[in-house]
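Listed next: structures, encoded as structure tokens.
Across the two complexes that follow, chain A remains constant while its partner is chain B and subsequently chain C.
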Partner chain A sequence: MPTIEVEQITKRFGQQIAVDHASFTVDPGEIFALLGPNGAGKTTAIRIILDIFKADSGTVTVLGGPMTEEKKDRLGYLPEERGLYQDVQLDRSLVYLATLKGLSAADASRKVDAMLKRFELYDHRKKKIKELSKGMQQKAQLIVTLIHDPELIIIDEPFSALDPVNTQMVKDLLREERDKGKCIVMCTHQMHQVEELADRLVLINEGKVVLYGGLQEIRRSYSGQEVDVHALTDLPAELPGAARVAKHNSGYRIHLEPSVTPQALLQTLVERGVQLEKFEIALPTLDEIFIQVVTTAGSPQ
Partner chain B sequence: MKKFWLVFKHEYLRHVLTKRFIFGILSVPFFVALSIGLGLLSVILSTDKRPVGIIDHSGVLADPVIYPEKRDGAIPFTTFLFFTDAKLAQVALDNREIQGYYVLEPDYLTTGEVSLTAVEASGPGSEGDFAALLRANLLKNQPTELRQRMLEGPEVTIHSVADSRSVSPDNILGLIMPIVAGILFVVAINISGGYLLQAVVEEKENRTMEIVLTSVSTDQLMAGKIMGNLSVGLTQLAIWLAAAVIGTLFYANLQSDAGSVVMIRSYLAVLALTFLPAFVMVSALMAMLGATATEAREAQQISGLFSIPIFMPLWFITSILEHPDSALAVGFSLFPLTSPLTLPVRVAISTVPAWQIGLSLAILVAAAFGAVWLASRAFRLGMLRYGKRLTLRELLRGAA
Partner chain C sequence: MYATRKKSIMIKVRAVFIHEFLTVLRSRSFLLTLFLIPLAGFATILIIANLKKDNQGIPLTSIIAPSSEPKPLGLIDQSGIIQTIPESFSKHITEFPDPASAQAALANEVISGYYVVLPDYLTSGQVDYYRSDFNPIGGGSDSYVLRALLEENLLRADPQRLKLFQQPLKLETHFASAAPQRDPDSALTFFLPYAVTMLFYLLILGSSSTMLNSITNEKQNRVMEILLTSMTPLQMLTGKIVALGLIGLFQTAFWSGSAFMLYRLSGQTFHLPIEFSLPASLLAWGLLYFVLGYAIYASLMAGVGAMVPNLREGSQVTFMVVIPLMIPLFFINTLISAPNGSISLFLSLFPLTAPIAMLTRLAATQVPFWQPALAAVLQIGTAILVVRAIAGLFRAQTLLSGQAFKMKLFFRALVGKA
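Showing the complex of A and B:
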């Protein structure tokens, strides 16, 4: 059973359509990327899922039904617009927010201590939030999101303000949560993080779903007639089936003629005695797909 | 319900445990006590305790009665020393043994003339005591009751026609108390409202709102916030009132005649009935402001729109006290923002028709409900609009 089922949701603000008949599902044990350019309707979609906003039409099912007060204890949310009580001590603030998620004060206190140690914030626990650096505040917010061991984790730009060491730590943490069977919805503009972490994704543009599916599946579907070749010997001057050969990184990118398959080219190269080190169908990066989809969809018809 | 208490406790403790709150709460009674203490101290220190000399050629003070022999208060009755002639008195004055000396001439009874010799031009601050001494001795052969009446004057008690309430000079506390308590209540309401305003705007400003909203329902959040911040104001009020009561007991004997008891009881009843909806109304209005404004400073500036009318009856307090049934006083009692201060004061000093009390309370309760409705609407509509103000039109028309 999917953790989240979004079906045909629409939300208008005045004349503007923020979300337009969007549908997608998110399953347990996956990291699901919610992508889209600024103002595409991602945050509105999340707020509808979380029942902060009501959809004008369409249905949302979370953890097997509509959102309830009890279910709020089973989800962790790190919003894009975020912050903590600036004048309150770090540990007090975290314990309060953890108790709001249904933990007892004693449990909350114990777990906060453990998390603060894991996130290397324990020595700063008596400081006011405003005395912490931006990165530390970001880690504190991640603690708030995860402290109550939620089944559904929704995180918006989880890596902003983090240094490479902490970015790696958060990535490990998200993988760990996925392996425990948690459902993770991640909103980010950092496409390389999505490529590294996400299992599936949805791309929303102008409120509409424009791309939806498994990450590799999408990349394959956007791959063109191109292969990347690294060879120990030079490529023959004449290569049947190749429309164009260009230097690419330390190898070559071969653009195939429309009727030629990569298999046919591989056979030709082997027959010509080229010693191959690498032969790979060139998949576009998520960045490239993102730009292609968004600019095509956004351009005037 | 459990989360309501968590929000309540968080809101309450985050203010009450701050140095600012503790300093604020202690500073008012401290500065009041300090200024009274300093005032008394300066009077005591500046009072010359040396005796004052008297040379009596008139015989009025032969075999004198010293009246009063003692009196209450920090300043004792002046000691008088009798001299037989001016030379001896002058020597004592030169030696700074006395503050000065009065000379009653032989024809004092016919002329009333008395001369005073003193070092300082202003003379000793004991003319009142000297006059009291003279009066007591002039009347010493009169019957006791007559002497007592002439010395103490009449004791006027003003009776209200309608009931047993009375305000006498001795019962001045009965007049001042409603005003002081009213001011304290209104101050507490404003403080609570201010905290609430700050609490709502702050969550918007620091972006904690969304995290909180995915943990607790808006109803529980609002209820917890309102009650928590109201309790902060009530705590402040309770401590100030306790300090005021202790202070009053210390400086004066509270009158406990039947009239003042009746007055206090009816006054307290109206005060309680008025301030409960007033508290809710002002808090909800402040919460509404917090939800609609984009930042704390802006919200605080607008909050003056509510706090100024609340204090407005104080500007007209003399008129309200002199004419508690005037159109102005009645109007102030009916308008929800001015009634919390006006109605209890009127009830304390005059007979307010039951319909006015009923109507005033009904309007206040309706205003409180209206304010809560607006606040929750504003909260739902405005809570996630960072940097964008919610307009009145949107507030009255928009849908969440």
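Showing the complex of A and C:
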């Protein structure tokens, strides 16, 4: 059973349509990327899922039914608009927000201490939030999101303001949560992080779902007539089926003629005695797909 | 299931309550206000006590406005009315035979000014007054001396009539009520209800403003979205209202206790005449009216807080919301001098003015029991309606919008149309 089922939701603010008949599902044990350019409707979609906003039409099912007050304790949310009580001590602020997720004060206090140690913030626990660096505040937000061991985690730009070491730590943490069977919805503009972490994704543009599916499946569907070749010997000057050959990352990128398949090219190379070290169908990066889809409203070729 | 859900709701309300209570209690501005006001009172009493010790009998007014030895006034009587200047007047008034000699005395600063009672005084009542400086406000303040002198001389033939003229009535007021009555001429008759009114006004306004501060602070700190995914707006509102109301009561109890201690330290014992002792029932009514008044105004402030993007804009709007609370202050003379009149009755029953107006009346006079009871019922009804209306306004879309405040939308929300 999917953790989240979004079915044809629409939300208007005055004349503007923020979300336009969007549908997707998110399963337990997966990291799902919610992508889209600024103002595409991602945050509104998340707020509808969380029942902060009501959809004008369509239905949302979360953890097996409509959102309830009890279910709020089973989800962790890191919003786009980051915020903590600036004038309150770090540990007090975290314990308070944890108690609002249904933990007892004693439980909250114990878990906060453990998380502060894991996120290397324990020595700063008596400082006011405003005295912490941006990276530290970001880690504190992540603690608020995860402290109550939620089944559903929705995080908006989880890596912003984090250095490479902390970014890696958060990635490991998200993978760990996924492996425990948690459902993670991640909003980010950092496409390389999505490529590294996400299992599936949905791309929203102008409120509409324009791309939806498994990451590799999408990349394959957007792959062109290109292959990357690394060879121990030089390529023949004349290569039937190749429209263009260009140097690419210490190897070659071969652009195939429209009627030629990668398999046919591989056969030609082997027949010509080229000693191959690597032969790979060139997949477009998610960045390239994102730009292509958003700027041209393109679809798989 | 229902019991578990109710318990979960209560846990969250309690969490908000504890957080709000401790956050305000620990804040530097609250602690400064809490301790600085009694300390300022203590310092004032200490200064006055030292001044009194150094200069026994020095009046308080002389500390504010240093006094100088008053100069006598000159008098030239051209009408022949003034036959004698009694001994008691001689210190204040000096007679001169002609204007030239009076002018010379004025030039030498022997006198502060002089009067000329003109020859046709008996028909015109005309008296000219000459002084060296121009002072339209305080210049004529000494004329009572001449007035008394003229009265003495005009009616000297009939001492009994003169006496009656000077003190035409000895008023003795009789009341139908058996309760101890206050002297209408006593300053306490006015100042006691006035003090109660001001105390309540500041108490309700101060506590309600803390609510506005708390909500705008959460909006500015951008915590609102996390809070809304953890509890309902009504849970948040309930926890805040209870916590900040208790803070207000705690602050008042602390200040009252400090004031009492300071009074004792100043060497005075708190002893009001029996007719000015405030009844114990006033404390009970006061507590109830504070809770109700605070619930109404704190909810209104919460509504303002929900709709404004920041505290600065909130402060500008606050004035509009607290106008009804200020109305009893505009009518305070009426409330004290005619506490059972129709205006006083209306203001003390109307729910938005009742928290202040009824307390003023209760401190000023005996009020039939049904009136404060009815006012309380009306306030309970209003508080329920306002809390419900504001809870409706206190929803995510408003809290997260960041749009400028619109009074029209606010009033529409109050009548359930937003």
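Going forward, the second predicted complex is superposed on the first by the 297 of 301 C-alpha atoms of A that agree within 3 Å, B and C clash if a C-alpha of one lies under 4 Å from a C-alpha of the other, contacts with A are read in each partner's own complex, and residues count from 1 in each chain.
The rule is short, and it goes like this: a contact is a pair of C-beta atoms (placed from the backbone, for glycine too) under 8 Å apart; a residue touches a chain by one contact, two chains touch by 3 or more.
Worth saying up front: this structure is predicted, and the values here are computed from it rather than measured.
Superposition of the two structures on chain A leads chain B and chain C into a clash.
Touch criterion met: A:83 reaches chain B and chain C at once. Once the two complexes are overlaid on the shared chain, A:70 sits against chain C while remaining clear of chain B. Once chain A of one complex is fitted onto chain A of the other, the partner contacts of A:178 are absent, as it touches neither chain B nor chain C. Once the two complexes are overlaid on the shared chain, A:111 sits clear of chain B and of chain C alike. Residues 47, 50, 52, 69, 72-73, 75, 77, 79, 81-88, 96-97, 99-101, 144 of chain A are contacted both by chain B in one complex and by chain C in the other. Taken together, the chain A residues at the contact with chain B in this complex read 47, 50, 52, 54, 69, 72-73, 75, 77-79, 81-88, 96-97, 99-101, 141, 144. Of all residues in chain B, those touching chain A in their complex are 3, 6-7, 10, 14, 18, 202, 205-208, 210-217, 384, 386, 400. Of all residues in chain A, those touching chain C in their complex are 47, 50, 52-53, 69-70, 72-73, 75, 77, 79, 81-88, 96-97, 99-102, 144. Listed in rising order, the residues of chain C touching chain A in the complex are 5, 8-9, 11-12, 15-16, 19, 23, 27, 218, 221-232, 396-397, 400.
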